[in-house]
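Chain lettering (A, B, C and D) follows the sequence in which the chains are written, and residue indices restart at 1 in each chain.
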Amino acid sequence: MTTDLDDVVGSIAAELATWAERGEVATYIPQLAHVDPARFGLAVITAAGTTHLAGDADVAFSIQSVSKVFTLTLALGKVGDALWRRVGREPSGNPFNSIVQLEAEKGIPRNPFINAGAIVVTDTLLAGHAPKEAIGEILRFVRHLADDDEIFIDDAVARSETATGHRNVALANYMRAFGNLDHDPALTLGVYFHQCAIAMSCRQLAAAGRYLALDGRHPTAGGRVVSSERARRINALMLTCGHYDGSGDFAFRVGVPAKSGVGGGILAVAPGKASIAVWSPGLNRVGNSLLGSIALEKLVKATGWSIFGP
Amino acid sequence: MTTDLDDVVGSIAAELATWAERGEVATYIPQLAHVDPARFGLAVITAAGTTHLAGDADVAFSIQSVSKVFTLTLALGKVGDALWRRVGREPSGNPFNSIVQLEAEKGIPRNPFINAGAIVVTDTLLAGHAPKEAIGEILRFVRHLADDDEIFIDDAVARSETATGHRNVALANYMRAFGNLDHDPALTLGVYFHQCAIAMSCRQLAAAGRYLALDGRHPTAGGRVVSSERARRINALMLTCGHYDGSGDFAFRVGVPAKSGVGGGILAVAPGKASIAVWSPGLNRVGNSLLGSIALEKLVKATGWSIFGP
Amino acid sequence: MTTDLDDVVGSIAAELATWAERGEVATYIPQLAHVDPARFGLAVITAAGTTHLAGDADVAFSIQSVSKVFTLTLALGKVGDALWRRVGREPSGNPFNSIVQLEAEKGIPRNPFINAGAIVVTDTLLAGHAPKEAIGEILRFVRHLADDDEIFIDDAVARSETATGHRNVALANYMRAFGNLDHDPALTLGVYFHQCAIAMSCRQLAAAGRYLALDGRHPTAGGRVVSSERARRINALMLTCGHYDGSGDFAFRVGVPAKSGVGGGILAVAPGKASIAVWSPGLNRVGNSLLGSIALEKLVKATGWSIFGP
Amino acid sequence: MTTDLDDVVGSIAAELATWAERGEVATYIPQLAHVDPARFGLAVITAAGTTHLAGDADVAFSIQSVSKVFTLTLALGKVGDALWRRVGREPSGNPFNSIVQLEAEKGIPRNPFINAGAIVVTDTLLAGHAPKEAIGEILRFVRHLADDDEIFIDDAVARSETATGHRNVALANYMRAFGNLDHDPALTLGVYFHQCAIAMSCRQLAAAGRYLALDGRHPTAGGRVVSSERARRINALMLTCGHYDGSGDFAFRVGVPAKSGVGGGILAVAPGKASIAVWSPGLNRVGNSLLGSIALEKLVKATGWSIFGP
């Protein structure tokens, strides 16, 4: 299978390299607009531990909303199921930065993977911490998951988001008005913008996601990152909510839990099979990596890793 | 495993028999309001073909929206992926009979498992047919899937829905106004109300759903009901959209594709493992069987059948 | 003033005759699509009773939603303020045929001048009557108001609406589902489509609206059509809700109570001054007569009839 | 008439003094929650210049959103009709602080009297000014209108709003994200919170509103505050949008242009007749002064000042 996977991964990368239609690079964060749309990386790490790379798999990119998977894991470890009093578990039926639902549902975001929900998750990580400490804790956790200390936060991206993130400021203040934010919105957003600015390569991202493919076990450190039940539940949330208002279509076409970011990265999990990271900066109309989604569709088809088949 | 499963199924039924909080029986269709809330049935048919029953597993009930799985399968066989021009594949973020989304999205329902979407699916089955023929075709298809000719339509329920289904009349006419219904709304709804009035026992329903656990293959007739890819895609839709605005929570707590109906039935699929049907007439606040969901959560936990684990 | 008004009315008609941009004739009712967009009529009847005409002021057109003013007046006479338990008095912030608000507000339309609200008003007129009788009563009432027996219902238009009015069927059934329609939706809509199909000339329409300029008094028959208070309240509703989601702009630019119809007619009321009817079939983007609105703006500016000045 | 008006004003105040049901005092701005709900003031200044007072007509209260009338007047004088490219003129069909409409309409508030719209209006007043200067200009303008230098800003209220106005921070940042705010949201909101914190008595407020009853002319300084056309248009906006989602009902029951504030004050205008200010701190369910509305209904009924009658 190892040899086969190298072939599969390589041929997908080769095929997509020639595609003209690559979507639009996100421009609302100025720093992200500079990224070369021709970049493409793919990394697969199997449950057994073999690694299969193609393209720019070792080039770091801004993981953006993929970070929400890691902060959710961290927050559940801290506050447990009490978190679900402050954020829901349903797909939103709305774009990633919609504020409409918050008004109707009184400040409770629909799920932890839309921006409003992720801001609430981050807010819980600030309890008893200064923002700088919370940022440090998140970064250490991601390094621990990937077993890689060469993961950093891109300060220029974090500053760029801080200067232009008016929608996120609106979301945070709106939830604060409903009493669903425990800290000054500026502090919570400071941490949030930094977590989004974590830069990782596909290889690092696939490594960091392995615990979700291994039913919660840490692949190298031994022991568990989370319980089996919690790992499955995070996977379920990734499947139903991981691609904003394109989650249903992604489940339909690809068929594995995954979380996308506007930097063009996607972390995908084939439980018991592999952890996968793909990166292509151009986005489709709902804000997910266009070629990244196609690459995953081809990979899952070739490997039979869909969770919806036997 | 057979013995174990009998134990698991039996002990779940025994435990739930004593539960006081059983939800509310649907009353908006007068015929359904007469059902005894104490009823409970559970049927599991494994991929290998062993059957495990508990409670009222042989008592027929109104499958209601569970029928949408079968008409979707039938319609995809007839019109193929052209269906997706008329109905989406995203969770709705709204109740099962919401009309709001239709206005914003110009008459295209979000998915085939909310009422509006299912009415469009049924509309495609009327092409070239009189309503009576379309009803006959649906019933024959369900009998074929279950390999059981003792499945019938409850005419009293169908009449009851016709007399009180003003919301569905509104949905159908609204889509007709946008050009997304090919037939007179009264004709399409006539077929739709009859498909919802199909009565099946848990044993029959689990039998009928086996092709989805078998990657599209018919369990007894040989050959395929649908391709492997299509079976997986229907499972994906069941997971993301099968429980209306409770789909995310169901995926989180239970973790298998499933479709509920207001009659209190749920068809669940553990790919490669089993087809499962449960029936308890009382509904939770989003319109899904309260005890049915709990029974499935217990069953999946006991068997490890979650699609989100290895 | 009489001579001056003739000049004003004539010069407005002359100026608008040359305008190239005349809006779009409504096409969703096939019969209305045949109307010549070059038509233009204007009729002003002062409180003193002098009549001032220009253009096609004696050509009958389909009054459509302008009829809602007359059925509201009739219904208030029948059921009094009990009507307001079934329909609100607020601008909708939505298009004329929107169904969204009905879901959020449980079947209570926002005001009697959007379609849903007008259907409820008409529903009250059916109490104790066959549809044919209710239609007859409405027509007799309009003839009485205008003191003109040469006002008729255009059956071809009524049939055309019946065949194509799927949105209105949706609205009526939706309200029926909430218990806010007392009769079979098909019967209520039958009456509604006929009231919309009343054909009147500008001269006749201005005559029929005089009671609203005369604080409720019938201009020729003596006595009152409605109390002073009720006349003022109907005028208030016309001002805040008479032009759908363009009501605020119409009040801002023109400044008198008025009700528009998709046939291109507008009835406007300058309390104590005049009743005005204008007709130009082309509509603006919110469904109100484009040139009709401009003609009224010019007329009110020339006469100083704005209700917002001394 | 002077004697009569004193009687009318006095008897209304006397009658309302005994009312038990007085609504709820706004609590979301802590400083406002301290106000005594038993307070009631009423001031009428006729076009001829006679003043008629009752109750606490000389006690200063926080005018809050009534200030939007004055900043709109000031902004129109500065930027003219270009303002309407940034804010609409339609009733919102939503509560005063709703954010939903902003998303659908891309950051353009529906009208200048909901919070979002008023924030945009204030933003235009900051052009070329430091916040302190803009605040000074607003205060000077209000003093000029009322011809009264004893009008002040209540700094404790301004600070209270700054500390708790998360919804307004959300609105401002949301519009900034759409490019419809020219300045740092914190600066614009600083000015906005100060304009809302202007404290005036009923006598002062009625005096400040006289230009709207006088077709734009300044009552004492001579000359015009605004053109006749602009005065009428501001009155039209007050009528259609001055009471948030209760504007239609207020027009129906009372029948004059008016603007309310959550401090319990209402400024009402009877064009050519009088400028009126009323104050009662308790609010109805849509956020307008409960007794203030009733007092105005009684006053307009007694005087015949409705703009919807002859």
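Simple rule for what comes next: a contact is a pair of C-beta atoms (placed from the backbone, for glycine too) under 8 Å apart; a residue touches a chain by one contact, two chains touch by 3 or more.
This structure is a prediction, so every number in the text was calculated from the model and none was measured.
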>> Shortest hop count from subunit B to subunit D along touching chains?
In response: 2
> Computing the C-alpha centre of each chain, which chain sits at the greatest distance from subunit C?
Replying inline: A
>> From the mean C-alpha coordinate of subunit A to that of subunit D, what's the distance rounded to whole Å?
In response: 47
> Taking each chain's centre as the mean of its CA atoms, how far is subunit A from subunit C in angstrom?
Replying inline: 55
> Roughly how many whole angstrom separate the Cα centroids of subunit A and subunit B?
Replying inline: 32
>> Could you pull out the residues of subunit B that touch at least 2 other chains?
In response: none
>> Can you give me every chain pair that touches, using the contact definition above?
In response: A-B, A-D, B-C, C-D
> subunit D touches which residues of subunit C in the complex?
Replying inline: 47, 88-94, 101, 110-111, 213-215, 228, 231-233, 235-237, 239-241, 245-249, 251-253, 255, 257, 271-273, 301, 306-310
>> Give the list of subunit D residues in touch with subunit A in this complex.
In response: 98-100, 102-104, 166-167, 169-174, 176-177, 185
